[in-house]
Amino acid sequence: MATPPRSLRSWERVDPEEFSRRVAGKLGDAAASVDVRNGTIHVTLPAGDVVGAARVLKEDPELDCAYFNFLSAVDWEAEGFEVLVALHSLTYGNTVIAHVRLPAESPSMASLTALYGGANWHERECAEMFGIDFDGHPNLVKLYLPEDFEGYPLRRSFKLASRRYKAWPGAKDEEEAAAGGPLR
Amino acid sequence: MGTVPEDLTRVPDLSSTGGLHTEEMVLNVGPQHPATHGVLRVLVSVDGERIVRAEPVIGYMHRGHEKLVEQRDFRQITNLLSRMDWLSGINNEIPASLAVERMLELEVPRRAQYLRVILAELNRITNHLMFTGSFGLELGATTPVMYAFRERELIQEALELVTGGRMHFGFIRPGGLKEDVPRGFVELARRGVRQLVAKIPDYENLLMGNEIFKQRTVGVGRLDPALALDHGVSGPILRACGIPYDIRKVDPYLVYDEFEFDTPLGAQGDSFDRFWVLVQEMKESARIVEQALDGLPEGSHIGAVPKRLTLPKGQIYCHAENPLGELGYYLVSDGGNKPYRLKIRTPSFSNISVAAHMLRGAFVPDMIAILGSMFFVVGDIDR
Amino acid sequence: MVTTLHHILANSIVLLALKLGILLLLLPATLVVGYVELKVMAHMQHRLGPMYAGAYHGWAQTLADGLKFIQKEDIMAAATDRTVFSMVPYITMLGAALTFVVIPFSRHGVIANLDIGLFYALAVSSISVIGVLAAGWASANKYSLMGGLRAAAQLIAYELPLVLAAAAVAMQAGSLSLVSIAEAQRYVPFALWAQPLGFLIFLAAATAEVSRTPFDMPVAEAEIITGAFTEYSAMKFAFGLFAAEYIAMIGMSALAATLFLGGYVPLLPQLRFVPGPVWFLIKTGLLIFLLIWIRWTFPRLREDQLQKFAWKVLIPLSLVNIFVTGALKLAHWT
Amino acid sequence: MTIDGDGRERVHRVKLPKSVSFLLNWSRKYSLWMFQFGLACCSIEFIASAMPKHDIMRLGVIPFPASPRQADLMVVAGTVTDKMAPAVKRVYEQMPEPKYVISMGSCSNCGGPYWDSYCVTKGVDQIIPVDVYVPGCPPRPEGLLYGIVRLQNKIQNENIPERWSGHAAKIPQIMGTGRSGGI
């Protein structure tokens, strides 16, 4: 069996502010910005070398973000996509969320599967829901939807067909009703 | 560290066949199969009864929660999110409300916080009881599930008294609770957990004390801690590997830091440990419920919530300890009354993504023991 | 005087009818045992079980089941081997039913009191496995195939301890005739003094023979979906699996009752007035209840664990049992 | 079966003695082997209905068969998604006649809370015929029990020759809205 991860041996919660300074120091120029909001550390990474930065986060013993939390994206329409990679350090009790900006046209990013095995399914989901391409992913096929499904459901431009024909259940608050939204 | 260990990625040595050439057979398990409780599908290649490769195929219960919540306002989404992991409605609703409250900086009354903890822990017990029973069922013991449901119905009764629903409660609102608890709830809840604690030794004797059960589970489906972290495994499954990751402890929300409870940890990370952790957690939940019932403060059940619920622009990650592991909501608000984007990080999704590694090299009957001890809800995987 | 009466009875037509009746009663007996199983299971699980069929405590539940199966569509998939597929229910039924030919219901209430009755009973009881194997092969279904192979693998593992445990009984009684074996236990059953170990070994092996939990791997619902019988529907299913299973269960219980509990022989001399068949039914019923009890309590083993259990525990133990029996016999007679 | 002048098939009406037809219907009514088929949330209430408190077996519903070949009744309990729909249909086709379907819960009745989803089949009756609809999200176990009683009444009044000739129109039973959990 492989050596147990450091997280097994010790556990201490480091103050998020201090941890963010540590992250900023370790990442250096690799991170565009590091800040803390609601106890979570947000890091903005340029799309160029996400894997390199993630490797530092994972393998540096003072960061030790070995826990792969999730990977997803936000569609900012004309402003492109924002990929979120959430990592967690069990040793220091902090969550780091990396934000990667991708263009709206043919978004593409390097795959994290070689670094984090768990990224496999998350990237497949992200690819099928947003149409983001992950370079180097071993098996980038649909995860949830039937093979013949067309479109990327989580893009803002994907409109729900049922909603288009049936505005039910109507207005959800007074303002909406005043603006001429359908009533119940 | 953190990478997939060599011995787990390798196809097991098949020299036990004495060099005899055997043919692999692809066995399609699911989407409808009694052992995948729900509609998980696993494509397994078997050599005799030994699994050479296994690939979980998911998506048969994908209902598009992440898209649907974009069409509903902040009061409505809890109702939908409740249905995601259908065994733990209250626990699904809590972090969604937390996210809204934290963004609005809403004050939640202490009574509401205590009641949330009580309801969440009762819900955790009903969830764990379901898996306690169904695990036995999959191993061929039909009776434990009946006993588990006997206690489950009692606790369900307490939840029903409060919320009016049996599964999808829709009771947690941003700012507090929908209503205050009715008279008689405290007594009923106390009776429920007391009876449960009295009956837990029964399950322990009936299953964990059974030699056959031990034979089927000890050493079966051992999960390597490094592999678990790599895939974001959480909840009882991670704790069975000996990693003390319990969000109630490491990042306390609500009022969990005011209660005394332990985090049961396994040592081997095998099916038996996972089951053991599950059963112990019920006792801990019962402890929390008792403490919370004792210290239940008076006051309002809901804080001052604006009539029109709009969130400021911003993003927040809010997570909580679901019965099955870490449930996280990443909420993006554009200043409107609906979420601009809500990423749901569900425990079962990450937990089951590691199953392919665990099934490799196991026997077909072990597959049942492994999947049964992974404690997943298909709706939680697929969302 | 009693013996003359028996003698007359033994040769009368009445008894012949009785003998035929035993075989004819097998089907209704499966319905009764099936109903008992449903009810016992339900009460063990804090439930009531069938309550409405037949108005009184659901007594007609299995009757309804039987009538329903007659009406069901008999499906045979395109890829099945139709001849073999259709023959399976007969084979499994026959294998299970033939045991009753040598089982004594009373001193003379036996269809054929063969000198090698025990040998015959053990031989025919393993026929049904051929049926299961055939079903697994003919169904053209992967789950069925696995079930069939499991059944075949299981046959070898449990047949040896079963035969060895029975051999010790034969040594003890000095006969292979089931009537003589029962007579040898007049007032003290073997299970109580000479063969307690053999009794346990026999029970374990018999549970495996009739594929019931904890040895029900060939039909494991949660794993391979009733195994060899996945593809069976309608009457083929009712006979091939259900009736055959219950007849086999009754048969093995009756055999065990005869070998170890003295069959029709009263337990106490004072209770001689109770007729033999009643004793026989009580003892068999107890064993059936035991099997049902175990069925709904234990989880199932894994196939390789059964093999280990059979080869490393049951067979050595039954050899020891034979040795001890032989030694005791020798010591007693010399 | 003969062909009418206008080309339509006509069934020779076979008259069954009343007692025989009663007995046959009775046996099917009280021997509903139920296929273990859980999809989503409703499957939990479906399981709960087989447990000590509600004990569906009282009604002669035996939840044993793991294979559709031995089942008479399929309870579609939960959301049917577009990806799952072919499998549901296939399972239905594998069941031997006479077979019955209960659609349990809003999702399988009409899509329920997922009425606007892009990947949910709005109503299982689009792919298989349904005998009884049980409303609720999810229906309480009592609701399912009532649905089963309704199905049993329906079976008891079945005309066997019509049913077997495949000419009986499937008339679904729609239950009155009972009290149910959730929305």
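Order of writing sets the chain letters: A, B, C and D. Residues in each chain are counted from 1.
Going forward, contacts are C-beta pairs under 8 Å (C-beta built on N, C-alpha and C of every residue); 3 or more make two chains touch, one makes a residue touch a chain.
Because the structure is a prediction, the values reported are computed rather than measured.
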| message | Quick check on the contact graph: shortest path length from chain C to chain D, in steps? | response | 1
| message | So, comparing each chain's Cα centre against the centre of all protein Cα atoms, which one is closest? | response | B
| Based on the averaged CA atom positions, which chain is farthest from chain A? | C
| What is the distance in Å between the mean C-alpha positions of chain A and chain B? | 22
| said: Suppose each chain is reduced to the average of its Cα coordinates; what separation in Å results between chain B and chain C? | reply: 44
| Once you find the CA centre of chain A and the CA centre of chain C, what distance in Å lies between them? | 61
| task | Would you pick out the residues of chain B that each touch at least 2 other chains? | result | 34, 59, 62, 64, 67-68, 71, 146, 150
| request: Enumerate the residues of chain C that touch no fewer than two other chains. | output: 45-47, 221-222, 225
| request: Could you tell me which residues belong to chain D and also touch two or more other chains? | output: 51-52, 66, 83, 116-119
| task | Spell out all pairs of chains that touch, sorted by label. | result | A-B, A-D, B-C, B-D, C-D
| request: Enumerate the contact residues on chain A facing chain D in the complex. | output: 144-146, 149, 153, 158, 160-163, 166, 168
| Residue ranges of chain B in contact with chain A within the complex | 1-5, 7, 58-59, 62, 64, 66-68, 71-73, 76, 102, 224-227, 229-232, 242-245, 250-251, 308, 314-319, 326, 328, 330, 332, 337, 340-341, 343, 345, 349-350, 353-354, 357, 382
| field | Of all residues in chain C, those that touch chain D in their complex | value | 38, 42, 45-54, 58, 60-61, 63-68, 71-75, 221-222, 225-226, 229-234, 237
| field | Footprint of chain B on chain D - complex, ascending | value | 36-41, 43-45, 47-48, 51-53, 66, 78-79, 81, 83-84, 87, 91, 113-114, 116-120, 137-138, 140, 181-183
| query | Inside the complex, what are the residues of chain B that reach chain C? | reply | 25, 27, 33-35, 49, 136-143, 146-147, 150, 206-207, 210, 212-213, 215-216, 363-368
